[in-house]
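Take a look at these structures.
Here subunit A shows up in two complexes: once beside subunit B, once beside subunit C.
After this line comes the complex of A and B, so read on.
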């Protein structure tokens, strides 16, 4: 049994490797030099201190969000609304930071982060409540909430918080006071790294040392059994939606108070979705998700670097990302679908009793 | 077959009549398997099984759980591809492992747990399995209905073709499944444990039908559990033990129940469970339901106006054909389904509105209906399953090492065979899974134990352990409610037996129990 589960854990890594090979193959066939691209990718992600900074800059939001969505996946819910939750978190934190621009940083920054966390949580609880109370499919609702958040951000940047002095080309907001910033424009600082480390430790503790972690896993694996045991699956569901939204909201706030300093319509596109992939590749384990976040952060850094040195069109890199996303989703989907099919507002019952073939697999 | 047996066994008396009003000749075929072996992982489920089943007979396939009966039935029907060996229908050698191929050669399997979709009507189910030519899968409602009517009549059942499967009693679903299997006019019909869900009168009717089919020339193979049934319906018996053929198809006249039982068990004898002492009449009532009505979300009749009281140390059984409200009743008592009306009391406390967790905190414990769905999480570790129960206020912080130790102690106490408490529950056999549930549920603070089909699908030794646990719980002053389809088991452990029919408790019996009367009450008293 054990070697099987190790194989299961290795599958996402294999999927990523295959996607990379396929993409390189396509680049090669299109006339690019595969060697140069590989070189450029390594240079752009880990080749220099600046490359490392860029890798970490993207790994930070990916990790924060992945730690949250990983929880919803573990509980058997498929929250794909992280992008929108991150946006509303960013909006909330920026609003606090701008309104209270003359306050002491030690008070304003934590309040702003808390506002981001709270808004992200609320945004996530909407699909969460629709799911656990009414049985509305959370994939659809959480995804649609993203579009609302995108437009909300656009409106905020062009309306209420618009930077009146700006050039007017890009819709951006006013800049935060420099004393509030958690990092410079690079997006990496000791503060942010410490925040990430604390979150990873918290996730590990939640996973292995709390009743909640245990119940999240049980509800994800068998919601019907959880109900018979006296665990309220719907309540656990709400908690994971809340935590996941909180993490995404924090990621948005970190973006604003870290590298960005202001809001721009449509900032950090795809980060919320890439974090889903990070969670799946990391198989929901905090440390594995950390490694996956570093990898995908590096990939992101490389994709920003490659067009400069190799003349590779951005579309080629989007294709690579898309390929990883498709493969990883396909490989993880059967398990997720199997879980989702066994739940609803009132848990459906599968008429499953041990047949001989099932009970004997045991001895294997 | 000797005439003496036809007298002692009622199922034979009405035998050998063609099934339908219109006698039709069926072409049977001899079914042969040669040196069939099947492996699941490292486990050898079948080991070189060779047997010949001639047409025009009812063949019983017997053996303990895990002996390979169902696997053999599935190999014959093309559902499982054998590792080696061949299956032959008449003159045709099957390449194996294809249901379509087996069906084309006239082999049909009626599953143990019926494979009909619960939301479909009877007529729609027939269309699902219709292999005939179709234009883009189009069908007309009337044509579909007519076809279903013909098929049902042909199989000797008068079910409404528009009835929804999930709303039908289990016996009728089985009849539909058999009619479905007969639709393609098969040469070989295989039934996997068809009697597990039937009350005595329905079983009687099923056996008549099978004997009729054999009389028409069909080769009928039935997987059976009980000696009485084997000697009641079969012409030959075939026994498997641990994947090997112990008795090749042998005329029933050459066998006797005792020797066949011994062959199946393999010499080991199982001692009977010592019966529970009568509870003192002054013992306090631990579980009380008053005017309880509820409807489970699963396919089951509502429980209607059920009142019952169980005292400390008392074991009360709920008998009834499956689907007559037992599940609704149990779910309402446990709290996973809200009662529509009526009240539930645990000891002195009214728990009608209480959550599952509160009720468990008051000492209510459950062995659920479907152990692999409601009882354990198959993909979770044993220790996680062991500590899953929520009762009262628990701390937020857990100490995995302590919990694993507690789990280990409990599993050892219940003699579960396992390798490590980190092992997944799904890697245990059915009997061991049931024991891990007992290890979790039967604790010192147990006051009321609800056991739903506690021994279903378990082999003889494991079933005995579970029954002993029920009696032991009563001896430790718990109130025990047993829901079972197995009357013999119920008579062995219960002080009282209530019969549920269409959601109501229609009869109550005390020791000594009379199987005929209880059986009659289960179907509404019109037989017996």
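After this line comes the complex of A and C, so read on.
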């Protein structure tokens, strides 16, 4: 069993490696020099201090969102609304920061972050309540909430908070006062790193030291059993939706008060889905999600760097992210190694999945 | 008015075809979040083939072949490799979006868009008088109407359709009754691949006659919403898709009509809000009747 769970842990690494090889193969076949791309990718992600800064800059939102999304997944809810929750969080925090532009930073910034967290939570609780109270599917509702948030952001950036001075700059808002910013344009600062560290520690404590953490995993494994054990599954469901929305809202606020300083329609379009992948690759363990966030942050940094040095289209690396998602839940490898027969009437999806095996191993 | 109806139909057709694809998949018990990816791959392959060969028939055929292959891969992953259906679907959509954007640059050296010299035939283009706007409709809009009828007939009136629905509503019972559930799922996904190829071709080769990066703009996810909004029934799904088409056309129209007074974004939000409300109402009704909620099936993340 120990042996198997180690394999489980190694699998995400294998999946990422295979996808990377496949993508490099495709780049090679279509006439790019694989060596140059690898060089460029390393230069752009970890090759210099500036590259590391870029990697961290993208790892931060991925990590914050993934920590929250991971909780809903662990409880068995498929919340794909992180993108929208991040957008409304960003809108809320920016509104506070712009309205209260003459306040003291020590008061304004925390209230703005709180506003972002609250709005993200609210946005996430809508699908959460519809799911736990009415039984409306959260995949659809959270997806729809994303589309609504994208349009809301577009409206905010072209309407109420539009930057009137900006000449050709379409659809951006006014800039925040520089005294409010948590980091410079690089998006990395001690404050932000401390926030991330605190969140990781909090997630570890929640996971292994609290009753709620245990309840979340039990509900995810078997809601009926959890109910019999006296856990109110729907309450746990609401809590995880709230927490994940709060995390995504915070990520949005951090984006505004950190690297961006203002809002742009449709900013960071793929972060929400990427964070889902990060959570899955990290198998919902806080430290592993941190590592996964660093990896995908590095990939993102490379994605932005490579087009400059090799004119490799950015879409090429977006494709790589997708590939990872395609393979990430494949579980044939451990099954074959365990000599479990794949014959017989095994249903397609009532089988063991990463989260389950992860909880099993976590309980020894 | 006639123009407006035609705009609605044009906006609805790709969503409509993809929603029928999602309907077949969901009936067989596969939650299909890869519709978006299959649409974009169909759109790209059709455009690229049309440019290379100048033949619409070949363009359609190529799009269909590629999508059948992708659907087979999807089926293999969820059946033999026991991957999570929804993650694979989302992954397929992300990969296809990236891959077509990449291929656009590699094949055509263009980041923005490529034009196709030919477009889909418009069977009623000879009409004059009040029916003239119908001339703008592509052949695939009419195909969608026919395919809706075929879908209704195949699901409600044939033995295979009944078995397909059994695979989704109770796979264990279906298996006990000797229905090869996995094969039915493969068939449903292949039909879905075919329909998404049509949807993608309609998107790129009707009207605009070009392929641009991110051409689908979330229409595949809208189609998925239409499947649920239409309660996974052929007619319901088609009505839902037509409603989305209406909302899109209304969004375009309202930008012209009340420019400045009503932000177009709020009009564009309507289909999403209606979907959320409709899904909640359906869930409540099902709960009252004591039925299982629609999508609780196989939630094993």
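A few points about this structure:
The definition used in the following text is that the second predicted complex is superposed on the first by the 326 of 364 C-alpha atoms of A that agree within 3 Å, B and C clash if a C-alpha of one lies under 4 Å from a C-alpha of the other, contacts with A are read in each partner's own complex, and residues count from 1 in each chain.
The definition used in the following text is that a residue touches a chain if its C-beta (ideal position, glycine included) is under 8 Å from a C-beta of that chain, and two chains touch if they have at least 3 such contacts.
In this text the structure is predicted, and so the values were computed from the model without any measurement.
After overlaying the two complexes on the shared chain, residue contacts for A:212 are found with subunit B alone; subunit C is out of touch.
When the two complexes are overlaid on their common chain A, residue A:229 makes contact with subunit B while staying clear of subunit C. Subunit A has more of its residues touched by C than by the other of subunit B and subunit C.
Once the two complexes are overlaid on the shared chain, A:258 sits clear of subunit B and of subunit C alike. Of the two partner chains placed by superposition, only subunit C is touched by A:31; subunit B is not. By the touch criterion defined above, A:272 lies against neither subunit B nor subunit C after alignment on the C-alpha atoms of chain A. In the superposition on chain A, the residues of subunit A contacted by subunit B and by subunit C overlap at 346-351, 353, 355-356.
Within the complex formed with subunit C, the subunit A residues making contact are 26, 30-31, 73, 76, 78, 80, 126, 130, 134-137, 139-141, 143-145, 147-148, 151-152, 154-155, 158-159, 220, 270, 273, 276, 280, 313-332, 335, 342, 345-351, 353, 355-356.
Those residues of subunit A lying in contact with subunit B across their complex are 1, 208-212, 214-215, 217-218, 221-222, 224-232, 346-364.
Residue ranges on subunit C touching subunit A, taken from their complex, read 29-31, 33, 77-88, 90-102, 104-106, 111, 171-172, 175, 181-182, 185, 213, 218, 221, 224-225, 228, 263, 265-266, 268-269, 272-273, 275-276, 279-280, 282-284, 286-287, 293-301.
Subunit B contributes residues 40-43, 45, 65-66, 68-71, 74, 80, 112-113, 297-298, 334, 336, 355-357, 359-360, 366, 368, 370-380, 384, 387-391, 394-400, 423-424, 426-430, 433, 456-457 to its touches with subunit A in the complex.
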